[in-house]
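I'd like to ask you about the structure that follows.
Lettered A, B, C and D in written order, each chain numbered from 1.
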Amino acid sequence: MKKFVFSTIAILFLISAGRVTAGDISVGSVTPLTGKLAVYGEGFQQAMLLAADEINAAGGIKGNSFKIVFEDNNSTSKGSVSAIRKLITIDKLPLIFGPASSSNFLAVCPIAEDNKIVLLAAESAAASISKCGSYVFRVFPSDLLQGVGVAELTKSLGYKEVVLTYVNNDWGVGLAEVFKTEFTAAGGKIIDELPHAEGKTDYRSEILRMKSQHPKAIVNLTYIKEGATILKQAYEMGLKVQWLMGSASKSAKLIDLAGKASEGVIGTYPTFSQETPQYKSFKAAWEKKYPGKKTPVFGEYNYDMVKLTALALESASSNSSDDIREALLKVSKGYIGTTGDKSFDENGDVNASYGQWTIKDGKISDYK
Amino acid sequence: MDYLYHILIIALIYSIFAQSLNLELGFTGLYNFGHIAFFGIGAYASALLSLSGVPIPVAALIAIGLAGIAGAFLALPTLRLSGDYFGIATLVFAEMVHLLFLNERDITRGPMGLPNIPRPDWIGTGVTSLPLLLAVVFFAAAVTFILLRIITNSPFGRSLKVIREDEFVAQALGKNTFLIKTKAIVTGSAFAGLAGVLWAHYITYISPSDFTLQETILVLLCIVLGGKGTHWGPVIGAFSIIFFAEFIRFIPIPSEYTRFVAPLQGMIYGFILVIMMLKRPQGLISESRGQRTTNA
Amino acid sequence: MLEIENVTKNFGALTAVDNVSFRLGDTTISGLIGPNGSGKTTLFHLITGFYKLDTGNISFLNRKIDGLPPHIISRKGIVRTFQQTRVLPFLSTLDNLVAAAPGQLGENILPLFFRPARVAKEEAENREKALSILETLGLTKLRSTPAGDLSYGQQKLLEIGRVLMADPKLIILDEPTAGINPTLIRHLVTILENLAEQSVKIFLIEHNMPLVTELCDKIFVMDSGSLIFSGTPAEVHNNPRVIEAYLGREKDAAEA
Amino acid sequence: MTGYYTQLIVNGIVAGSIYALFAVGLAMVYGVFKFINFSHGELITWGGYLALMFSSPPIALPLYLAVIPALLLTVGIGLAQDCFVFRPLRQSNPISILIASIGLSYLLRNGIRLFWGSDLQSFNLPLSTGIIFGDIYITRIQILMVLSALLFFSILYFLLTRTLLGKSLRAVSDNIELSSIMGINMRKVTWTIWILASVFAGSGGILLALDTSLDPMMGMNSLIKAFAAVLLGGAGNIWGALVGGLFIGITENLSVAFISPDYKDFISYGLIFILLLIKPRGFFGIAGGVR
């Protein structure tokens, strides 16, 4: 028994010793490569790797090559905690990209804060992340902004009464709360409100319940998978309404899955112009590295996060977390990435303007 | 070192959890597939109470008590059911508890989870707290081990085994099997609650997705691998599984293949379960057959 | 001491026990015989509470016992064995016996921690008693062998020993000698006769007629769920209905 | 509003007939071998994924042809389960078998993840509005689901009551020891059970995947409902599985009208719980007892 434990520990350290080679500048990433968020995790990883490749092609950081050490978190908070502990202690990395999904992110926040490790998020939107601490940054705007965005969209389209449905997880609930407050404050009415469970294949009862309220518009704050299933099944059941959605379902995959049922959906998303040189060069690089693959959800944010990190590492006076943190704040000021202005405010949040998207002729386009 | 502390803490918490299930599954032969519910109840109760200002030791004790009471709540109606039926009832019970965590948003904050769960001041929250935390968790695991050892080596433990081997015989010998099994479940649930309490205050953030059937399967694996119905079995099982899971992180795998790691790991776990049942159902350590099992 | 009144038990359309009434008076050893499927074992299950009866009453020492759960009936002093041996295979032979001791304080959790000395003392006494029973059974050498590894006959003996351990007033034995060799049968008979001298009542199902005749003071005969006769062994041997019940079956079996 | 309830009941029947297809295989295995096969859910998932594999490039068979190799392979998995795991364990204690089936389920489910990833997959069927009866919408696939369930149960009924094989199958589930003494070919019966269970599960899986989409957890999720159906119907009882499946499907769908849909599963679980307590041996109880 004892022998077993000690030999395992010995092996652990033996292997880890040779892990980060000299001459590398490494950062860590806790990424959902498996589990229920793996659908997204792979895309995040590809986007990050794309950015890393470009950084290395441009000569790396201070002459060293740049490397991202990925740790899988199995899409759970337990996995996230294990992964970040490993990255901090074994790999001794001063900067870590945090896990997707706000609940997993919130689980690692205190650890990063306690260890004074810079933690970056590219897609975790929960409003409470702003309060995580001074070492936590995100290149993705908080829910607060997005909820307001959807409420404004609904109003601007002239809908006074809507049915609200949202995916029953941290992200969906948080977003729905903001939307509700904003929408009702502006005189809107929510006829019925129903969460739908994450990851199911049959939402017909939920749709029926929405249908029984005869709404003109349904605000559906959900992910791709759930969103596509709902759109498809609603179409089959003859529910014809205006669907209003958030940013998490803005993906070509939604159209793949839901087909013509997705036609006419309108949604909001943290906007960034696709006409900027930054975006175009990202798009070109993506197509070169991953030919035939569509750009993943939040891929641009992950890309920006890595690019911004590289800039900070380059300008940081040392490789300590505190210096990186300082540098990050400094280089972010006025930094225009693929997804727009990434200047961090005092909470480590970025601002964003919300655009509107729609699906027309099987393609995502801007709604005007 | 922090990482090692972390793994040890997790492994110790799981060893408590595994030991508590072993009392039911290994010693009493109760197929409880809903054991994670009590882990969750312990974690949530202690977290909610301490967040609302109850001193942590008090919150922890109440949480352990609540997990035990919840155990009685499960046991009283379901123990009349025979083996497989009981298994399903417990599975369903755990799913219901999970749904309550998820949907009773006014109490549990639902899927948002409970962040910033406090720790006692003398432990603190910083990195320096890890060795102390490890000491606390080790103490809890040791106490669990000793208490469960006393319980299972006693005439009570023997009657648990009598029930496991043949419930009709137990009844014919005048044992109130219902009461004894209820006691086993209440005790097991309380210790699962203890594991949950430790978990909540260690991770400091809990959400319903931490308490799913997946975890029950993991802890089942710990028991089966180590040896069910033994004292050291679940402990060894928990350490093996947790260390194995962490060990995989250190196998250098090119990033394009990392997506295969977890499925392969899952397949290995499944394979181990099957092979253990085929080749060595008693686990790494086998329960001593015969001999004298009591020394109380 | 045991009274059975108008007891009936149905399984679906099948009536396993049909309006049976009798009483076990002061007879020391009583036997229950009858062809296979005549409802003997079902009647034993009814007496010991493993089956719930449909109609009728059962009382023991003038107290109603039907409707009580098996463990309560056992605690009132009716302790049984099973038709097929049911030892506890993983437990040692000795533990099989110690486990059967009634009313152990150590079977509750709290006394383990608050009155450990008392529990230990009680356990020692039970072990003492179990060892002496093992001695009687002639199984002393096998005391730490897992009971599952004993031979069939030894397991049967162990089951009897387990019953003795439980301080019974009435022992109910379901085919105690089935499948064991003649030497062990003699051993068993001695044990049962010794017991009878200690004013423990015995009620057994047995197919071995010479043995029943030798042991029992009174015999009850069942056929197709009904009690068809009761009397001394001699009376049973000469009763035409009993002979018919047995021979009829044998004739049917021969023709089949 | 009546349209609303009728629609809910229709949806319940559709869901229920699929639960029943899953449940009947479980019930047959339970009826004869007396254990709950946790890996039954993986037969469902594998059925769906294999059909997807054969109907998409590079093989790209038309769907109605892709079903054939998919079901054959599912049957192969079912038989392999028996051959390599359950047959060697037949004499073991029940808990070993149960744990082995949990392990097998985990192994097979992660196998799906390994080959196809955790991502959601779907058959790219042309989308159309359901057929309208009054104000009830029902899609062609849903009609196919109910019809298939009817067909499968009719075939099963014929098989069990009119053929020698069916009779020996029933005899075996009454008493496995006695049957082998009576000269029933156990190997043949065992094979039949696993083939039937796999075909039912696999077809159900394919239908479910056509109706919604595929993910590695689909089998496990439906399995809990199927368990419930088996238990409600009385373990080992095939008709009970049908009634139990429909009952669960209808109840959980109807419940949405009265309570929040988040509690849809809660209601069906709660119902299982309560019914188990009232009728610990299901609707069609089988006489059990001590021997």
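Simple rule for what comes next: a contact is a pair of C-beta atoms (placed from the backbone, for glycine too) under 8 Å apart; a residue touches a chain by one contact, two chains touch by 3 or more.
What you are looking at is a predicted structure, and each value in this text was computed from that prediction instead of being measured.
**Student:** Taking contact as defined at the start, I'd like the list of chains shared as neighbours by subunit C and subunit D.
**Tutor:** In this structure, the chains that contact subunit D and also subunit C are B.
**Student:** By CA centroids, point me to the most central chain in this structure.
**Tutor:** When every chain is reduced to its C-alpha mean, the one closest to the whole-protein mean is B.
**Student:** Name whichever of A-D and A-B has more C-beta pairs touching across its two chains.
**Tutor:** A-B
**Student:** Which chain's centre, taken as the mean of its Cα atoms, is farthest from the centre of subunit A?
**Tutor:** C
**Student:** Please report how many Å separate the Cα centroid of subunit B from that of subunit D, as a whole number.
**Tutor:** Here the centre of subunit D sits 30 Å away from the centre of subunit B.
**Student:** Determine the centre-to-centre distance between subunit A and subunit C, using the mean Cα coordinates as centres, and give it in whole Å.
**Tutor:** One centre to the other, that is 71 Å.
**Student:** How big is the gap, in whole Å, between where the Cα atoms of subunit A centre and where those of subunit D centre?
**Tutor:** A distance of 37 Å separates the two centres.
**Student:** Could you say which residues in subunit A touch two or more other chains, in rising order?
**Tutor:** Touching at least two other chains: 34-35, 38, 42, 168, 195.
**Student:** Which subunit D residues touch at least two other chains?
**Tutor:** Within subunit D, residues 113, 117, 260, 262, 265, 290 contact more than one other chain.
**Student:** Would you give the residues of subunit C that are in contact with at least 2 other chains, written as numbers and ranges?
**Tutor:** Touching at least two other chains: 50, 82.
**Student:** In the complex formed with subunit B, which residues of subunit D make contact?
**Tutor:** Touching subunit B from subunit D are residues 30, 35-36, 85, 88-89, 92-100, 102-111, 113-114, 117, 220, 224, 227-228, 231, 235, 260, 262-263, 265-266, 269-270, 272-273, 276-277, 280-281, 288, 290.
**Student:** Given the complex with subunit D, which residues does subunit B contribute to the contact?
**Tutor:** Of all residues in subunit B, those touching subunit D are 25, 29, 31, 77-78, 80-85, 87-89, 91-93, 95-96, 99-100, 102-103, 168, 213, 217, 220, 224, 259-260, 262-267, 269-274, 276-278, 281.
**Student:** Enumerate the contact residues on subunit A facing subunit B in the complex.
**Tutor:** The touching residues are 1, 4-5, 8-9, 11-12, 15-16, 19, 33-35, 38, 42, 45, 49, 70-72, 74, 76-78, 81-83, 85-86, 88-90, 102-103, 106-107, 109-110, 114-115, 126, 128, 168-170, 172-174, 195.
**Student:** Write out the stretch or stretches of subunit C touching subunit B in their complex.
**Tutor:** 48-50, 69-72, 74-75, 79-82, 86, 88-95, 98-100, 102-109, 112-113, 116, 119-120, 122-123, 144-149, 162, 166
**Student:** State the interface residues of subunit B toward subunit C in the complex, per the touch definition above.
**Tutor:** Those in contact with subunit C are residues 150-151, 154-156, 158-159, 161-162, 165-166, 168-177, 180, 183, 187, 287, 289-294, 296.
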